[in-house]
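Each in structure tokens, the structures are laid out below.
One chain, chain A, links the two complexes that follow: it is found with chain B in the first and with chain C in the second.
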Partner chain A sequence: MSTLLLFNVFNGLIIGAFYALMALGLSLILNLSGVINFAHGGFLALGGYIAYTLIPFVGFWGALLLSPFVTAAIGLAVERVLIRRLYGRDPLYSLLLTFGLAFMLEDGTRYIWGAQSLPYQIPQWLDSPLSTEFFFLTGYRVFMMGLVALVVLGLFLILNYTRLGLRIRAGTLDLETVSVLGVNVRVLRNLNFGLGIYMAGLAGVLAVGMLGLQPTIGDSLIMPSFIAIIVGGLGSLPGTLAGGLLIGVATGVTTVFFPSASEAVMYVMMAAVLLVRPRGLLGEEGRF
Partner chain B sequence: MTRPTSSIIRRRTILTAAAAAGVAQVAAPFVWSARAADNVKIGLDNPLTGTFAALGKNELIGAQLAIEQINASGGILGRQVDLLVEDSTSGDASVAVQKANKLIDRDQVNFLIGNINSALAQAMANVSYEKGMFHIVPGGHTDSVTGTQCHWNVFRVCNTTRMETNSVSTVLLKSYGKKWYFITTDYAFGHSLQQGFEATLKANQGTELGADYTPLGTTDFSANLIKAQSTNPDAIILLLAGDDMINCLKQSVQFGLDKKFHIAGAQQELEVNLGLPPEALFGDWVFEWYWKQPGVPHVEQFVADIRKRTGGHVPTARTWFGYAAIHSCKLAAEAAKSLEPIKLAKAMQGMVLPPEVALMPNNPFYRKGDNQLMPTLFVGKSQKAPAGGDPEDLFRTTQLVKGVDAALSVEDTGCKMVWPS
Partner chain C sequence: MIDRQGKRAADALVWLLLLTAPFWLPLVGGYIQLGSRILVIALAAMALNFLLGYTGVLSFGHAAYFGLGGYGAAMTIKYLYPSTPVGMLAGIVVGTAAAAVIGPLITRLRGVYFAMCTIAFGQVFYFIAFQWSSVTGGDDGVSAWYRPPLNLGFGEIDILHNGRAFYYLCLAVFAVSVAIMAFLLRSPFGRTLLAIRENERRARFLGIPVDRHIWMSWTISCFFASVAGTLYALLNNFIDPRALRWDMSGNFVIMAVLGGMRSFWGPLIGCAIFVVLQDYISSRTENWMSFVGLFFVLIVLFFPRGVLGMLRRRTAQ
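Right, the complex of A and B next:
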């Protein structure tokens, strides 16, 4: 039993890292612009479909590299044309807009690529376990973990050591003052939105290596992202990361004892955190 | 210029958003078409969005072809036929029931068709029974629809789960061994499939090493697969559907479990196989209809007709379910010479499908007593597309099993039909 538990804790960390990647993109957009991006799952699906379309031309690695950028470019356009108009208004406006956008993206992908799940193949050498004993450590999962770690590190470096990152962090605390200091907040919000969508696109490309590629792929992955943000603490990127990992481990461990509650455990965790520590594990008091 | 403001989001708003995310998964568009007042109306209440969208779309394509053929040959009782389509969603019974009520009360359909999801099919059956509406379930498999909760007005085209497990269990027991671990989707369909296999195991002194019920829409099966392999089974039996089956098969291949254990199940669908990479196409399964049936009358023509509508794709079992369900409405009406539900139901009991509708051997018929179609089941193996062959030829039939041989007797199904006085 203890081995089984240990296996599931490790496995949960792998899945949690993936949830964290999605939640970080969502959190970036929420923190600076105050937009609850319901369409994040739609952008995730778009990332997967764009990769599927690109593979015949540029191969698996080319698609992995290009698809998140193409998705981010679409995200930038969406922010420029739609989201931007709602900044400064009641958050429910942007919530409703992205809610509708999520449907448009899902139906759009269904219209272009069809409702039928599409086969997405990853390189043969990634598609097998690295050891017989730790069979759940497949080449693809280890690669995915490595890439997520790299992206989180990259995000940390951007936010802490670049002018853009400094402005994003400052804007998260007080956008008005940042604007008064001469920073073009329109561009700042646009780039930040693009960065968030880049992460959704990357999560999409990584997800289709493990899951079936269908228009609803984002639906089932969006809830853990929201919960990761709430559990980790609104406004805290390290909190979001921790929230994602915790959810992954909790669902993995629950499956050992009570598989049919593996999904419900996320909600129980969220309720417990809200009751005991309403600002989330690493959220700042009074920040939201 | 928009005045920049600090974020004014509150935690309550995020929680509202999270709740709305749940709603987003059940909200769905309406589909309707123009129709003449004196036309016969058939209401199709089936998933067009969500995890069963691909299956629903294929049932719709089959239904549309049948409508076209029926109208071209004079309609039903001399009246043209309209198909009214509603999206039931893939998993929300309240939406399916609401759409069924709308079709019956507002649109006043003459026939009700649906649903793919077993739980939704059962919920719709209860509504149609209350309202005395003639109803055909094209693709919801749970036994109770034509078993313990059968109704005089409800007929079913697809097999019961027990027929599926009975048809394949001999092959699984002989080839794989008697120690099984189940990974089962946590709703009516999965539960009744598992019950069927459990009965088989018990009868053959087999062992159930464990069973994981997974919520519909599960994306990650790694924890379940870790648990299953720790019991060292002869076979891991996957009783899943749609995208869940795709996710689980892909992940079991990545873990290398297909090389350590036998992985198989009962029902498999061409829609699932089409979504799998070649290395995940393995195992023994049951198909409920297959497009490659050399020598069976009318099948080639049906395949050709569907290819024309789908840009070259072959029909699946779902396409045939939709097709057979609509044609059954016409056959019942012509036999009853009426659109009255009771007369339709009486006429349909025991009715044999003609070859151009049956599209399979052994003369399928609607069994009197439980209203269940007794078709032929296609037991076989998933396969990679043969080199130089059709890329959608992803199954090889090894055995044809007659529905009557796989089904429980009417008494054993628990169906006690009560007819209106």
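Right, the complex of A and C next:
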């Protein structure tokens, strides 16, 4: 029983790490630009497929390294051509635009790589369990957790100790003042969008090693990321991180006792948070 | 004065076209089921616009209440009582009750945050319909039932095989719903909603209970969305989880925007264009999703005021 519980808590943590990675990217974009990027799941799938295409040329590790950057580059271009035009307008329009983008990305990946699920090889030695007692602790999963932790740490270091991060955080609070102080806000938003998409691409590369490659892979991850943001609190990145891990673990634990409700539990958590504390666990008062 | 006359003429034209649609639709290459589909989905889009265009609140989760109406009707007719009005009533009650309960949780929120929460709550019902397959049929939906004939007391109308009869049933429901919405918008309540849309803070200072008004507008809007949902299930003799998924909600919003969200008839026009285009594209290519996505992008970039918004601007100039 305790092994089973441990297994599911660990599983929940992994799933939660994905949610958090996705949600952090979404949150970055939402906080600075006020855009809910509905196409985030599409970018995640793109990250996975690009890695799949790169593997024959650069190997597993090269793909892991390069694919998120390629995805981010596509994100930068999309921001530049499309999303940039909608800043400052009714959020309705940016939502609709990213809705359309989500359709196009899903259909585009299906057109290029086919609708059927593709195999994604991870190195043999990563795939084996680390110990016989805890069979679920495969090297890949532990590695994944470690990498996600590293990237999240990196993100917080960037935000707290670099000029770019400082400007992003300042822009989140008051973009106009940042602009008046001589920061090029267009470039700032562009880079920030790229950073968010980088996280989506990385989540994609890691996720396909576990879930396999499908055009709809982002679909199952985008809604929990929304909930992670709502539960954690709008405008707060630590909140988003906590929200993602929290709903992941809650899903895992519910699987032990009541498997069919494992999806439902995060919605219940969202309803509870909205009822008791509408701004979310760590959200700022009066932001929305 | 001229403006009012123009408006009346436009209303008359819309009703005339709708009333005679079964006769002229085949002449222009359409078919009667397409007409019914446009009516049904347009009702959902107009219901959404009650909230979006006239209260200024951004909902991206209306498909949930649309689909709940459909499931309520389909399951009632299939398992409980084979009657069209009873099924519709059940569907409407289910959809509206769900909306009324969720309402208080989200009416305190605004803007993007409201939109995000409506999407997330909308997906709850998608997951329930998708995963609770022993009751809802899961991915396969609720099929193997047919809309029962309409019993009027003195005789029965076969709405199953007679497409025209079903079209007029849809039109009757559409007319009553639209009339009620128009009446509400003209009443002091509707004017209050407009005031909230234009300047929420001022409305609050005037002593208007804003949150309660938004909750009422939300519930009314979802009520009519579920009415449309019941008709949608009857139209297809079938309902599946796709009717309550987020992309359906997105479709409703784009229809309202495409037609013009500040105009009463806008969503109807947007819906007609969207449904006809979708019908045409999906019969031509497998990659219709890309085209629909591109359509979204193009409307947002080049056509944000919609058809009627553009027309109105041109006449004003």
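Everything that follows uses one rule, which is that the second predicted complex is superposed on the first by the 284 of 288 C-alpha atoms of A that agree within 3 Å, B and C clash if a C-alpha of one lies under 4 Å from a C-alpha of the other, contacts with A are read in each partner's own complex, and residues count from 1 in each chain.
Throughout what follows, a residue touches a chain if its C-beta (ideal position, glycine included) is under 8 Å from a C-beta of that chain, and two chains touch if they have at least 3 such contacts.
Computed from a predicted structure; not experimentally measured.
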Superposed partners chain B and chain C on chain A - clash or fit: clash
First, second, both or neither for A:Gly12, with chain B first and chain C second: first
Contacts of A:Phe60 with chain B and chain C, given as first, second, both or neither: neither
Touched partner set for A:Tyr140, first chain B, second chain C, both or neither: first
Touching partner for A:Gly212 - first (chain B), second (chain C), both, neither: first
First (chain B), second (chain C), both or neither touched by A:Asn31: first
Chain B versus chain C as contact partner of A:Pro278, first or second or both or neither: both
Contacts of A:Leu234 with chain B and chain C, given as first, second, both or neither: both
More chain A residues in contact [chain B versus chain C]: B
Partner chain(s) touched by A:Phe99 [first = chain B, second = chain C, both, neither]: both
Touching partner for A:Glu263 - first (chain B), second (chain C), both, neither: both
Superposition clash, chain B against chain C - the stretch among 91-99, 253-261, 289-297 or 307-315 that is involved: 91-99
Intersection of chain A interface sets (partners chain B, chain C): 30, 34, 36, 85, 91-92, 95, 99, 102-103, 106-107, 223, 226-227, 229-230, 234, 260, 263, 270, 274, 278, 288
Chain C-facing residues of chain A, complex: 30, 34, 36, 82, 85-86, 89, 91-93, 95-97, 99-104, 106-108, 111, 223, 226-227, 229-230, 234, 260, 263-264, 267, 270-271, 274-275, 278, 288
Complex contact set, residues of chain C against chain A: 52, 58, 60, 105-106, 108-113, 115-117, 119-121, 123-124, 127-128, 131-132, 247, 250, 253-254, 257, 287, 289-290, 292-297, 299-301, 304
Residues of chain B defined as touching chain A within the complex: 2-11, 13-18, 20-22, 24-25, 27, 29, 49-51, 53-54, 56-57, 186, 212-215, 217-220, 222-227, 229-230, 243, 246-247, 250-251, 253-257, 271-272, 274-279
Interfacial residue positions of chain A with respect to chain B in the complex: 3-4, 7-8, 11-12, 14-15, 30-34, 36, 38, 84-85, 87-88, 90-92, 95, 99, 102-103, 106-107, 110, 114-121, 127-129, 132, 135-136, 138, 140-141, 172, 174-176, 178-179, 185-186, 207, 210-217, 219-223, 226-227, 229-230, 234, 251-252, 255-256, 259-260, 262-263, 270, 274, 278-279, 288
